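In the two complexes below, chain A is the common chain; its partner is chain B in one and chain C in the other.
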Partner chain A sequence: MTKSAKAENALELRDLSVAYRVAGRNRAVLRNLSLNIGQGEAYGLVGESGCGKSTVALTVVRYLPRNGSITGGAISLDGQDVMKLDAEALRRARAESVSMVYQDPGKALNPSIRVGRQLTEIFELGGITGKAVEDRAVAMLNRVRISDPTSVMQRYPHQLSGGMQQRVAIAMALANDPSMLILDEPTTGLDATVEAEVLDLIAQLRQELSASILFISHNLAVVSNMCDRVGVLYAGMLVEEGPTEVVFNDPRHPYTVALLRCLPRGGQRKDQGRLDTIPGFLPGIGVDIKGCAFADRCALADDRCRSELPPLYDLGGRLSRCFYHEKAQALPRATPSDVAPAPKAAAVPVLRVAGLNKTYSSHGHALRAVKDVSLDLRPGETLGLVGESGSGKTTFARLLLGLVPPDDGGTIVLEGKALAPRLENRSDDQIKAMQIVFQNPDSALNRSHSIRHLIGRALKRLAGLSGKALEARLNDLVRSVRLTDRHLAVKPRQLSGGLKQRVAIARAFAGDPRIVVCDEPTSALDVSVQAAILNLLADLQSKEDVSYIFISHDLAVVRYLSDKIAVLYLGRIMELGPSEDVFSGPHHPYTEALLSAVPKLDQTETARIRLDGEIPSATNPPSGCVFHTRCPRKIGAICEQQEPPLSEAQPGHSIRCHIPYEELARLQKEVVTEPA
Partner chain B sequence: MTLFLLSIMVFLGGQVLPGNVGRAILGPFADQRAVDALNHTLGVDRPLLAQYWGWISNFVQGDMGTSYIFRSPVAPFVIDALGNSMKLAAVAFVLVVPIGILGGVVAALNLNRPLDRIISLGGLSVTVLPEFVTGIILILIFGVWLRWLPISAAWPRNAGFFTQLYYLILPSLPLFLVLFGYIARMARSGMIEALDSDYTRTAVLKGLPWRTVIWRHVLRNALLPTITVIATQTGYLIGGLVVIETLFRYQGIGSLIFTAARGKDFPMLESGILTIGIVYAVATLVADFLYSVLNPRIRLGSDQ
Partner chain C sequence: MSAVQTTSPTPDDTRKRGPLAEVLLSLLRSGTFLTGFAIVMFWVACALFGEHFAPYDPLADDIINALAPPSAEHWFGTDQIGRDVFSRVIVGSRDILTVAPLATLLATVAGTALGLLTGYFRGLVDDVVSRILEAFMAIPVVIVALLAIVALGTSKTTVIVVIGLSFAPIIARTVRSAVLAERELDYVAAAQLRHESAAHTMFVEILPNVIPPILVETTVRLGYAIFAVATLSFMGFGIQPPSPDWGLSISNNYGMIGGGFWWTVLFDALAIASLVIGVNLAADGVHGALND
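Take a look at the complex of A and B:
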């Protein structure tokens, strides 16, 4: 292949159509998709899951699943027609000009081959031999900011953290200096701080390397920070395209408008209005679409939209596939924004936790998963738990629920009565007063029962109902989570992720709980579904006066729902206070770093605070302040020697830091961190 | 621990079998007093616990006791039979493992094509046929009609290695047929999983030649589960061949146990079974060891 004469575009898709063969029929996944990515350009592709984003990526590298086939159109990679390549030429194209990084780096690396070997084989393929191979591999790992490349090369993938694994995967992708780099959800599933690091790395590498980038993500904020241009994909069609800022600030397709409205933005809170949602569902793959694919879910749609496919209107440097692109932003809300009045916060806490500790012993070492946690929760209040993986959020939730017993000494008091440490010693009333909603409803719902059976059983067990009363309450409950009767007869697998999560929520509410622990309840859902679930949780709260303990890595979501925030690091509360105070600051340096790691849609390139390295092991926490090893605001020896107390900086707002509150306020004013 | 439980079960099992040792040896017309005297000499009239203890404590010291029937130490019988069984197992093993794995791999690489259908369906059909059926059919074909192979596995005295091998081919064929399906199926499903994995996609998209992808990236991960299956089948190959050994009149440990059970020859029976138990345990141990060598996740644990 000649690289000398560079084509004008690194990648060109012309009327690309792809179908999957399901049950003997070809079902269209991509429909006449055309797009260009210029040399050195970063192009973002966004859309809900199932709209064909990953299929685009797999088609470009010709790695469709066995049942997938290209039914029309052309792909040109650096001027070369990918579809005309024979096996050997295709292999060479993959080796030399296109690379791909995808989600879940733990699976993308071969588990039984050392990292070094997986990297060196790429250089050997390029004809390099002997010592030079090793040197190139070390250089490449250095390039992705791995500080100790020789030792990393000796390791197996499972011995590296998720962030390191993804760095290695990026190093492998860039090893042969490809002209086209495809990133398919490269940071999904990583911690916010790790995500920020990986995104920084990609941004820096863009400056050093010449590769054009196709960046696929469901996270609009990530795309807005990384890409020059963005394309919005819906049902396998491009519905809008243009420069990133323009599209996100001035969207011209109702779908883009609706997607953006689903996100809690600019510090929006539950009492300020509900999130907008997108009614209905993405059309199933392969259905015949006559007019506009989005018409069924669009409040602006009229007869013309339903019968005639809108063309891609060229609006001067940007495209929109909508007849009414001019008034797209006038799209009426699908969900009224008015909120139910907030419940009056009673003075008596429903839950009091004091001096809670949990120590696991692992291989003779004590692992302090939760250390000295004390807090109160009032009825109708939401406590947001924030922190990286391994900070003790989930352990804390498990302690409350009695799934693991805490160390001796700590107390959990529910409605004035001390709770037994173990679930089996708690009374039925206490058990049903505290329920949980998990991240993954699939594994939480028994797949062999109908929805009616699942909710009915919960009502029987938790509320002690039967017969007519059960039936009545069941209907009530189903309506309050906005499911309909036709959902009752089906099994979980026949429902979408969002509907399944509603079932899980209905189950948790069956026994009139006082507290519901929500452990990343929306992390596996699309933004439009997430918005609906968040609205539902807020509505249920104001109706039932229930309290939430809300765990999420998405700070905007936590902020939307929470009245109170606890920031955890290595099992300790670093900061505790009313949501607004914690988010607007002054805050603990760790909170500050967490907040600045979040990619924001309306980012005005603020200086980002980077946390170096990974969260230390809880078996061997750093001396003094546990955060001092990564703290950008460390003031000196005192941080290494003495653990600061969690002291009340302002009424109700406590911070565990040696830096006085006023000083934090002064320091943090210099860097204006736009809150999530 | 497992072996200890096994020894107790074997011992108790032997006790509940109907029949009297002395009577079985001396025949139905012997005088009752002679039977009693014999029973006393053999020690079978002692309390159960004492009998068990006497036997097991000797066994762990390497003394397997004295056969009731042959009136001579058990050990040489068991060792001889075990040797014979291992020879047969080895031949079957050498045949079935490479061919089974190859079959599975080839099937997976030609997924849903005719070759895959032939291997999968063929393997399954021969697996469900019991070995005495295939054994008899094979004897008929190769031994009686074609006369290529001897129908008995008992080779002449002082036969050399190749002669023994020649005699062992026919008896090992039914074993091959039984195991081929298992091994090929495991290898096939392991391959399919590995071929569909993200790391295989990574390897392909690196632009590695297909051959390298398969050899370096796919096979090793794909065949891990197969190793466990092979190990458990090794135990069966050595100890579970009563039918085949009887059919081919082969002096293996299976037929030894069978004979001992019929004659209520407890020392022989128990030693034989315990020996097979040990073989099983060793095979499993070897498999676990191999598995951990090939799988760094087990070998090295996690640093995180």
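Take a look at the complex of A and C:
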């Protein structure tokens, strides 16, 4: 390929159709998809899971799985027709001009080979030999901002954190200086600060490399920060395309409008209205689509929509596949926004935790996973737990539930009675009062049992019901999480992710709990499903007066549901207070950094605070203030020598920092951090 | 539009066949499994109905025709006292096909129980039981057999107990590692949060999910059990005369090979080999069907 005579577009897809063969029949996944990515352009592709995003990525390099085939259209990479390449030319194109990074860095890295070897291999394949190979590998790791490349090269992938693994995967993708970089959900598995770091890296590399980028994500905010143009994919068709700010601020397709409404935005809270949802499901692959693919879910649909395929209207620099694109934003809500008035928080806390500690031993070293945590929770209130991965959120939740015993000394008091540290020693009433919705329903729901059994067993054990009474309550419960009788007979694997999570919620509510712990309950779900689950949790709370302990990486989601926030770092509470105060500030320097790391939809680029480096090891926490190694506002030696107390700055709002509250307020006014 | 309400789950997102149906289907598509299964079924049929189609009474002697070579009358020849080898091979599958599966069943039940206990309780229970099992596995089967015979006398029951107990630790090891992985899943924590008993958690929650590895291990062990039964019978510790058992027949006749009377041994040996191969093929098929 002659790089001197560059084609106008780095990638062109023309009427591309792709099908997967399932049970002997070809089923269409991509339908006449056309799009162009200019030289040096970053193009974002968004849409619900299953709409065909990854298929696009795989098709470009003809890496489709064995049952997939291109049934029509053309692909041209830098002016070269990919369909006409022979095996050798295709191999060269893959090795030299296109690189891919997947969601799961584990996919790109071989677990049994040291990182260094995996990198040098790529250069050796490229014909470089000897000492030069090492140097190139080190340079590459430096480029992706890995601080100690020689030591990292000696390690195996599992000895690196998720963020570092993803950076190594990116380094490998960049090793042969590709002209086209395809990133398929590169940050989905990472948490907010690591995600921000990886996105920064990609943004900087864009300037250095001038590669064109196809960026695939279901996270609209991430795409809005990263890409010049965005395409919205639905059922394998492009339904809207245009410059990113234009599409996200002034969408012209009802699907885009609906997707954007599913997200809690601008600091929206549960008592200000429910989130909108998208009713129904994406059409399955291979179904015949007569009219508009979105018609069954679109509140604007009429007979014309159902019988005639809308063309891609050119609206001047942007496209929309909707007959009624000019009134797309008038799409009626699918879920009424009205909310039941929030229950008054009664004065007596349902849960009081005091001085809770948990020390694990890791290779003979003490690891303080949770240190000296004290807090209260009132009936009907939600406590949001935030912090980076490894900050002790899950451990804290497990201590409360009795799944792991805390160190001696701390107390957990539930409705006025002290809880035994171990689950076995708690009374039946105590265990049914505190239940959990786990992050991953595939792990939480026994795959051998039917949904009826799963919920029925919980009712039997937790509510002590049997026979007719159990049946009646089962039906109520199933209805209250909006499942139907049809779902009862099946096994979990036959349900979609959102439905499985509803089963898990029904099970947690079986014994009329006082407290439900939700550990990342929506992080595996699409935004439309997430919105429905968050609404469900909010509705159940206002109906049952239950309290939540809500753990999530997604700060906008935490903010939507929480009344109170605890920010954890290395097992310690750094900040605790009413949700509004914690989010709007003044806040702890760590909270400030977390909030500024969140990609925002409304591209108001505020000064970003970057947290450098990894979270320190909990076996050997920094002296003084544990955050001092990364704190952008560190004031001096005192931070390294004395651990600041968690002191009440305002009634109910405590901050663990040496900087006085008024001073924090002054400092943080200078950089107006946009709310998540 | 009234059709648009809150997200209403529709039935079309419940999909696919059940896992059991899928496994059965892929078994039926596996040539390996079908071949092995056909061989095993052939011998099972012989064990059940052999005497109806065996040309002679396998126990009836006919001294005049002793040691006759294979002929139209006696396809596989006759043995030292003139019994028809063909009939004996056919009916000889009966004892081994009773003893080996029962021994395997005993090994599976005992091994599964031990594996569940050690994997579920971990800690002290696991350490103690695992050490005992390891020690037990270090003793050769033959020595176990000798000791058992001293204690219990020679009988089919002894063979079943000896082989069953020798294989149990191996199955226990497989089950234990599967249970250790299951135990980390959140459904076990969810069961604890309902105050389920340990027995319920082990047998109702975990056991159904570790059936696939148990099934694979069991079919593999069945092949070894057949071989072990034949070996014990050959050494005289196993199935006792006058049964036409294959191992026993080989044991009684192998002295004849030197005299050129190969037919008294060869067909029994081939029968054992074919059954072991059949079971192993079927085991491979099961393994394949459960692991893709």
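By definition in this document, the second predicted complex is superposed on the first by the 675 of 676 C-alpha atoms of A that agree within 3 Å, B and C clash if a C-alpha of one lies under 4 Å from a C-alpha of the other, contacts with A are read in each partner's own complex, and residues count from 1 in each chain.
Definition applied: a contact is a pair of C-beta atoms (placed from the backbone, for glycine too) under 8 Å apart; a residue touches a chain by one contact, two chains touch by 3 or more.
These figures come from a predicted structure and were not determined experimentally.
Applying the stated clash criterion after superposition on chain A shows that chain B and chain C collide.
By the touch criterion defined above, A:334 lies against chain C but remains apart from chain B after alignment on the C-alpha atoms of chain A.
Look at A:112: by the touch rule set out above, it reaches chain B but stays clear of chain C. Of the two partner chains, neither chain B nor chain C is touched by A:479. In the superposition on chain A, A:666 contacts neither chain B nor chain C. Once the two complexes are laid over each other on the shared chain, residue contacts for A:290 go to neither chain B nor chain C.
In the superposed model, A:84 lies in contact with neither chain B nor chain C.
For chain A, the partner with contacts to more residues, out of chain B and chain C, is C.
Within the superposed three-chain model, A:94 lies in touch with chain B and out of touch with chain C [touch as defined at top]. Of all the stretches 77-85, 113-121, 149-157 or 203-211 given for chain C, the clashing one with respect to chain B is 149-157. Applying the stated touch rule to the two superposed structures, the chain B and chain C interfaces on chain A have no residue in common. Within the complex formed with chain A, the chain C residues making contact are 1, 4-16, 18-19, 185-187, 189-190, 192-196, 205, 208-209. Interface of chain A with chain C (complex): residues 277-281, 284, 297, 299, 301, 332, 334-335, 401, 403, 423, 428, 431, 435-436, 438, 440, 443-449, 457-458, 461-462, 482-484, 486-487, 490-491, 493-496, 498-499, 502, 507, 528-529, 532, 535. Of all residues in chain B, those touching chain A in their complex are 111, 197-199, 201-210, 212, 216-217, 220-221, 294-297, 300, 302-304. Every residue of chain A that touches chain B in the complex is listed here, in rising order: 61, 63, 66, 87, 91-96, 98-100, 102, 104, 107-113, 121-122, 125, 155-156, 158-159, 161, 169, 172, 176.
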